[in-house]
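Notes follow once the structure below has been shown.
Chain naming follows the written order as A, B, C and D, and within any one chain the residues start at number 1.
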Amino acid sequence: MGLEEDYKKRAEEHQGNDLKDRIWRVIFLSDTPGAKTFDLILMIAIGISVIIVMLESVESINMAHRELFLVVEWIFTILFTIEYLVRIWVVRKKSRYIFSFYGIIDLISILPTYLTILLSGTHYLMIVRVLRLLRVFRVLKMGRHMGEANHLMNALRSSWAKISVFIFCVIAVTMILGTAMFVVEGLIAKNEGFSNVPQSIYWAIVTISTVGYGDITPVTVMGKMLATVIILIGYGIIAVPTGIVTAELNARFARVQMDYRVCGECGLEGHDPKAIFCKSCGTKL
Amino acid sequence: MGLEEDYKKRAEEHQGNDLKDRIWRVIFLSDTPGAKTFDLILMIAIGISVIIVMLESVESINMAHRELFLVVEWIFTILFTIEYLVRIWVVRKKSRYIFSFYGIIDLISILPTYLTILLSGTHYLMIVRVLRLLRVFRVLKMGRHMGEANHLMNALRSSWAKISVFIFCVIAVTMILGTAMFVVEGLIAKNEGFSNVPQSIYWAIVTISTVGYGDITPVTVMGKMLATVIILIGYGIIAVPTGIVTAELNARFARVQMDYRVCGECGLEGHDPKAIFCKSCGTKL
Amino acid sequence: MGLEEDYKKRAEEHQGNDLKDRIWRVIFLSDTPGAKTFDLILMIAIGISVIIVMLESVESINMAHRELFLVVEWIFTILFTIEYLVRIWVVRKKSRYIFSFYGIIDLISILPTYLTILLSGTHYLMIVRVLRLLRVFRVLKMGRHMGEANHLMNALRSSWAKISVFIFCVIAVTMILGTAMFVVEGLIAKNEGFSNVPQSIYWAIVTISTVGYGDITPVTVMGKMLATVIILIGYGIIAVPTGIVTAELNARFARVQMDYRVCGECGLEGHDPKAIFCKSCGTKL
Amino acid sequence: MGLEEDYKKRAEEHQGNDLKDRIWRVIFLSDTPGAKTFDLILMIAIGISVIIVMLESVESINMAHRELFLVVEWIFTILFTIEYLVRIWVVRKKSRYIFSFYGIIDLISILPTYLTILLSGTHYLMIVRVLRLLRVFRVLKMGRHMGEANHLMNALRSSWAKISVFIFCVIAVTMILGTAMFVVEGLIAKNEGFSNVPQSIYWAIVTISTVGYGDITPVTVMGKMLATVIILIGYGIIAVPTGIVTAELNARFARVQMDYRVCGECGLEGHDPKAIFCKSCGTKL
């Protein structure tokens, strides 16, 4: 588990007892009481600030509480800015943090508020602050759900090659079927919803994924027959990504049920729970 | 299986032969003829009383049969009240029952009818009586499907941590994608359906779960492209909860079919539960 | 496999060489050339007659070809009647056939056409002829897909207890959530679509199964929030039936990979492919 | 893996060092730098030409850039024609290539453009060029995803018999339920959407697959109840194709991880592929 190891290695780098290292441990770790409190406060702050971004977008609410939102937004921006500067200050390898995924997210989370003063017309950018949500994953990743999330992420990652090949095939199939539908419904029946190929492909994807908005639907008999065929194909293949992930998770489960005994002779791990002798050197376990 | 044990322990507490314990066994157990008859009558009464709650809500039916519904409702309320009082009377640890989940449901099931006399304007509360349905699960839990339900509940419970982490991630992703959709469709194209962020997030959840009502749909090319991306993401990840539950159920299946006996001669484990001799060396197990 | 055994037993009952038994083998079996030809002709006849039932229901087509349909329908009805009478004639245990599932279907398939002469106003009954489709399963059941269909049926049958408990729980949950939705949308917001409890439950089932027609949708903020919760619950639990069937099929796959060796001593079957000694009596296999 | 073997056998046929065989290796193989470059250029050309087919179908874009599209289309058609002729020239067994699946696709990809000169009114045929997309699969099949795609294809192929039996049953069930719905909604309630049987079957398939467009929805109480039953049936059986594919993939996973070595001492099988000593008795394998 690379994640856990990386976590440990970085923890060791900041073992010192000076203020910087102590703050680092509060901010970046999550197993001391101080760190847990910090994580909790941070998550609440992120939660509130994201809710404000959402409420601001509702015109009626924004009208009534514009001043309140502005004040709260500035408080959070200043808090997050302080946090960002402290993070840069305490971390050993500053550039690695700044250009890391979370470092960039931390910066993007505070920039839009400042930009609204410097430049006018950047109000739309405010919405970018919703990306603060991504910061929650950092806390989550280190917290008590690390094992669970890790497990899932690994299963998804190793299924990804298969799933992406599959999704590529699905896209190719929907392109061909969508075009056929464009001919049948758009060209022949002059159905507005299928007036061009990209739109027909959009419909085919909405259909094959079983979303089925119903904003575009076939009206001719031929179109409905073709739609039925597409639906049945979708029905037959929706099983595939599920099958991939499940088989992957199953294999992982089986591996987890392996045993944590270490061979005293050669140090091999990963023995079968029923094994009596080391499979690598033949010593009794 | 904690459920079964708890059931047995409580059965032992009420082994006495006086009236109270005999009634307790009829009401709380489900393996004697009397208890089965009681369960059946109770389920029918719950079923009828829930159907009445539903029919009452249909205005045309309510108009025609208001008196009938009132009479039947009072009969059931009085019956359930008697049942509730008897339950309190026969149970040993009264407070444990009263404040248990089913104790509270039993109380909530009868309260609304009484409140309509005491207070006016509490007619809406009548709908709360639909919670009587939850009482059915008590009967079910003890009945012949206990094994099945238990099996499923356990699999769901141990998958819950993983599924909730996953659903949290899905919510975070839909919040970010919903906001992007708000910018593309709501701010730029002035699409009524995406007029604010919460609404756009609602749309994103409806889409990613493949429900796809179609009350809100993208109208711009950009919006449709973004929707396609969201659908394909949804298509790729809908597999995850299924994979989690299936892997869990698989592991349970495997565990049930496994045996922990070890062969004294060759040390082989993993024998068939019905095996008498070691399949590898022929020694008696 | 009870199906296969039943098939063999009945084949043995009709081993004779007289006309009746020879016809029986053509009609009821499916492994001789004559039987295969009969099955094929029967399936084509069923197919055409079902297509006619469908086309008859399309008013414009029915207008144009009313006479043709009538003639073809009578030809098929007479053919199927002859087939039905021959089936009764050749079968040994007549009452067993007549009151069997397929015997009743065979009768229902021909009755409606005769009823239209005897009684007027029975035109709607004609539609019942679509049940002829069920007769196709008899052919299918005996054909080369018997193994596949049998495999699936067995897996579904042994999952059925679990799936029905699950579906019962889903119905109970949708009843409670649908009622909550009725209060929020129907009583408070006067949304036409949620005007009574049964309608709201219908909506909840459409939503939780991810069908999502969109004919009824929440309009209030509270309603949309509740809908989101219902969708997320649906998302979390749709995995369950899949998990049940998959775990069942997996276990079957594993069992199929078992071995067909029979112990020479005690006659036990179902050994592990890796077993060397009989697990029941210890004899070398 | 028949695919890989066929690939090798054909590679050996064209081992020569003359121009024809060298070109063959660039065009038909994918493991030399030249072949990789060719594949990449081909995929880009296919991608661009398919995008043009799509953009041409959007009337507003087509109006503005008709000349550009015509020129680009002719460039690609000539390039693909040269490629097609070169393919025929370099391949040893010419007729096998010409009448192979990809040979026909290669021809169909270029024909429509020429037909528009020879014949007028064949503009609609242009849309056939979207089938060029299928040519991408040839590149994909040989590329680095061969293993993944192969794995999935094999699993789907061996599940296909089961899935098609299942889909046949689903169609038969939807036909019967759709007809029932036609009686309830179309005949009795005169609901436009259910005005004939084929339309009602289309609705039943849209519903049971959880697509749920919502263009046709029941309006009567009876119709909604029947729809609920259909949805619940769909909910219970959507698990089946998933279960089939997953069980298949699982068995494949398990088979890949299995080893067929038998311990000479105790006869144990099922060793880890990397094991050197028997895990049960410690003997060298």
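To be clear about the criterion, a contact is a pair of C-beta atoms (placed from the backbone, for glycine too) under 8 Å apart; a residue touches a chain by one contact, two chains touch by 3 or more.
Treat the numbers as computed from the prediction; the structure is a model and nothing was measured.
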Exercise for the section: Give the label of the chain whose average Cα location is farthest from that of chain A. Expected result: C
Problem - Classification of the chain A:chain D interface as same or different, half of numbers criterion - result: different
Completion exercise
Set A-C beside A-B; more C-beta pairs touch across A-B
Exercise for the section: Please compute the C-alpha centroid of chain A, do the same for chain B, then give the distance between them in whole Å. Expected result: 29
Handout entry: Distance between chain centroids, defined by C-alpha means - chain A, chain C (Å)
Key = 41
Problem - Set of chain D residues in contact with two or more other chains - result: 198, 210-214, 238, 242-244, 246, 250, 267-268, 280-281
Problem - In the complex, chain B residues that touch chain D - result: 210-214, 242, 246, 250, 266-268, 280-281
Practice task
Name, in rising order, each residue of chain A that touches chain D in their complex.
Solution key: 161-162, 165-166, 168-169, 172, 175-176, 179, 182-183, 186-187, 195-198, 201, 207, 210-214, 217, 221, 224, 227-228, 231-232, 234-240, 242-244, 246-247, 250-251, 271-272, 274-284
Problem - Touch list for chain B against partner chain C, complex - result: 50, 53-54, 57-59, 124, 127, 130-131, 133-134, 136-137, 140, 145, 148-149, 151-152, 155-156, 163, 167, 170-171, 198-199, 202, 205-206, 209-215, 238, 241-246, 248-250, 252-253, 257, 271-272, 274-284
